[in-house]
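So that you can tell them apart, the chains are marked A, B and C in the order they are listed, and the count of residues begins at 1 in each.
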Amino acid sequence: MVVSLFPLTTQGAMVRRRGNVLIGPVDLTLSGQGVTVVIGPNGAGKSSLLQMLYGLSRLSGGSVNWACDAREAQRRLAFVFQTPVVLRRSVLENVIYPLRIVGRPREEALALGREWCTRIGLGEATDRSATVLSRGEKQKLALARALITRPDALFLDEPCASLDGSATREIEALLQTASDEGTRLILATHDMGQARRLANDVIFLLRSKVHETGTAPAFFDGPRTAQARAFLAGDIVE
Amino acid sequence: MSELWDGLLAAGRLLISFDPDLLEIALRSLQVTGVALIVASLIALPLAALLAVRRFRLRRATIAVLNALMGLPPVVVGLVVYVILSRSGPLGVLGLLFTPTAMIIAQVIIIVPLIASVGHQSLRDLWAEYHDLLLSMNTTQRQRIMTLLWDGRRALLTAALAGFGRGIGEVGAIMIVGGNIDHVTRVMTTAIALETGKGDFALALGLGFVLIALAIMVNLAIHWLSQTERGRRW
Amino acid sequence: MFKHLISAALAALLITPAARAEDLKMAVTTSFHNSGLADVLLPAIKDDTGIDVQLLVVGTGQALRLGAAGDVDAILVHAKAAEEAFVAEGNATHRREIMYNDFVIVGPSADPAGTADADKATTALGAIAAAEAPFVSRGDDSGTHKKELSLWAAAGVTPEGQWYRAVGAGMGAALNTASGMNAYILADRASWLNFGNKGDLALLFAGDPVLFNQYAYLPVNPAKHPHVKAELAVELEEWLTSPRAATLIDGYRVAGEQLFTFNAQAAD
């Protein structure tokens, strides 16, 4: 019987570095369904929030609690960074890397890897060195690499920043499929259009704190706070 | 100047005649430095990776010491190894003095800091690239080290070849711990020292040119085998 | 992949042959080795006794140290006072005289100090000092160096100053330096005749009995170092003092000249 990771709750969780508060204190509860989009102006702490929830940052205060053991949770998560990081290997070797890390046999991993490469449109390029891919191709690679282990939850930090329209469309299609298949998505984005397209829930950050949360339709139609309203209207909010 | 020309002629004569003594000492040079290189790499490369990925209090000091050890005078290393391996020394019972094994030990000590330092520098850059990704994937320390070593293998090969160069041309340490015994521990460099000491410059230079050619050939062979500088394939 | 590398390294290490029973390590001086006599004696020793003599060619000082540490089985040097001290300290059981050659004074062919006309070695050295002509000294505490210092003392001269260059090196290296500087130098005749880089140097003075250079064989004391090949060392000593050795040593020629004179006495 597989224990669910969710709900994820935080109590006063905070990350501080060199005297500055990067994010927090944050009190949140995330359910196990759908797509949560994190939005806010630059410097509001979107990346910091994601990294804190994922477990990449050391907490300076408070707690982040998964519904199951923390170690167990770590194994069922995946992260996609804003700037795609690829290993200096072939495309195929990159995609199967997470499978090899957990000890899946090579034959099995290669077969799965080829499937995913085809799914992301790199089926002909499996032996090409990943470092020569375009930015969009690298990000698709990163996404395939993250999804190949069938994570329960996928965190994405502005995955389509600096990608062109067609690449963004492809990535969003992949994300939609993943979500439909049951993967929980927590996505930070700058792109309000993308937020509207994908979100089930919204977390609006302002000055390193959660300023407002809500379900997507409610938030986008009528945000409660003035700053959220201003932000959605396109004003510069600080 | 005529001596350089005489040296080239001597080198030619040695090679064409397949002089058996030359073959013997050339082979021994390759054997000693080759084995030393393998052993040193097995020590230095994981050490380099460990220093790159692991944070511990004395890390900076360790790296500084490692860099400094690159400047260790080989003859000093030879003396220390001699004192340890001498019959009157702590490890004398092993009877390793004046054998190729003693020479290998001395060369390992000399080239480990070099390979570790140069290797660490390039792995550090690679780690900076991979850090976030590997952390987010819950890799173990061992997995991170293996990934760095594999993906960084080109640069590490360069580090290893630097170590090879240092070893194949080294003469001070292996002279002391090897004794330059004919047919037992004589190698190219100690033979060159011997001939120089006898005043036979032409032969010494000839051997020197052969040694240089040997080193170049080894480097070329390694590069060809690992197919570096070849387009898009790894 | 690592496993293969480790096995390869271990295999290569093991290719190094262990010391065979008939190996004997002997430290000899550079002067002896440079004479080329070893190339004649060693094969004959192997044929007659089956002993593989492994020569470590080092300076006298280092040879004595190696013997004292037990890192070699025997030594062959030419510094009587140091040898007697070596025996007295218990490092060797005895010293056995084998052969002698002589020292010669070599210098620039123009001979600015006029050593060629000297009647004795000490006069020649005195002339060099007086003329402050460049002189290269071994400076390495070797048999040759000790002989040189004793001659200066006998000539009543303290060698110091710009003209006196102590190089701290073996005979061949010192000759190279002398050749490069066109300086005077005291060398053993064998090394001089075999030396390949004479340049402008020439043999200027020889024949004074005080330039006598006695080589002695000292087996390392098995009481102090039980692991040394004492029996082989005894066998080698017997061979070195045999009529066969006498023939080979007296018959050895370089450029038509006899270098060594066999003078071993029967053991008592």
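Going forward, contacts are C-beta pairs under 8 Å (C-beta built on N, C-alpha and C of every residue); 3 or more make two chains touch, one makes a residue touch a chain.
Bear in mind that the values here come from a model prediction, so they are computed numbers and not experimental data.
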With centres defined as CA means, the chain nearest the overall centre is B
Most distant chain from chain C, judged by the mean position of its C-alpha atoms
A
Distance from the CA centroid of chain A to that of chain C, rounded to the nearest Å?
80
The distance between the C-alpha centres of chain B and chain C, rounded to whole Å, is 33
Note: chain B sits from chain A at a C-alpha centroid distance in Å of 47
Residue positions on chain B within touch of chain C in the complex are 31, 34-35, 38-39, 41-42, 86-89, 92, 95, 97-101, 104, 179-182, 184, 194, 196-201
Under the touch definition given earlier, write down the residues of chain B that touch chain A in their complex.
126, 129-130, 132-133, 135-139, 143, 147, 151-152, 232-234
Residue positions on chain C within touch of chain B in the complex are 2, 5-6, 8-9, 12-13, 15-16, 19, 25, 30, 34, 54-58, 68-71, 169-173, 175-176, 179, 194-198, 225, 227
Contact residues on chain A for chain B in the complex?
54, 56, 74-75, 78-79, 81, 85, 87-90, 97-98, 101, 128-129, 132
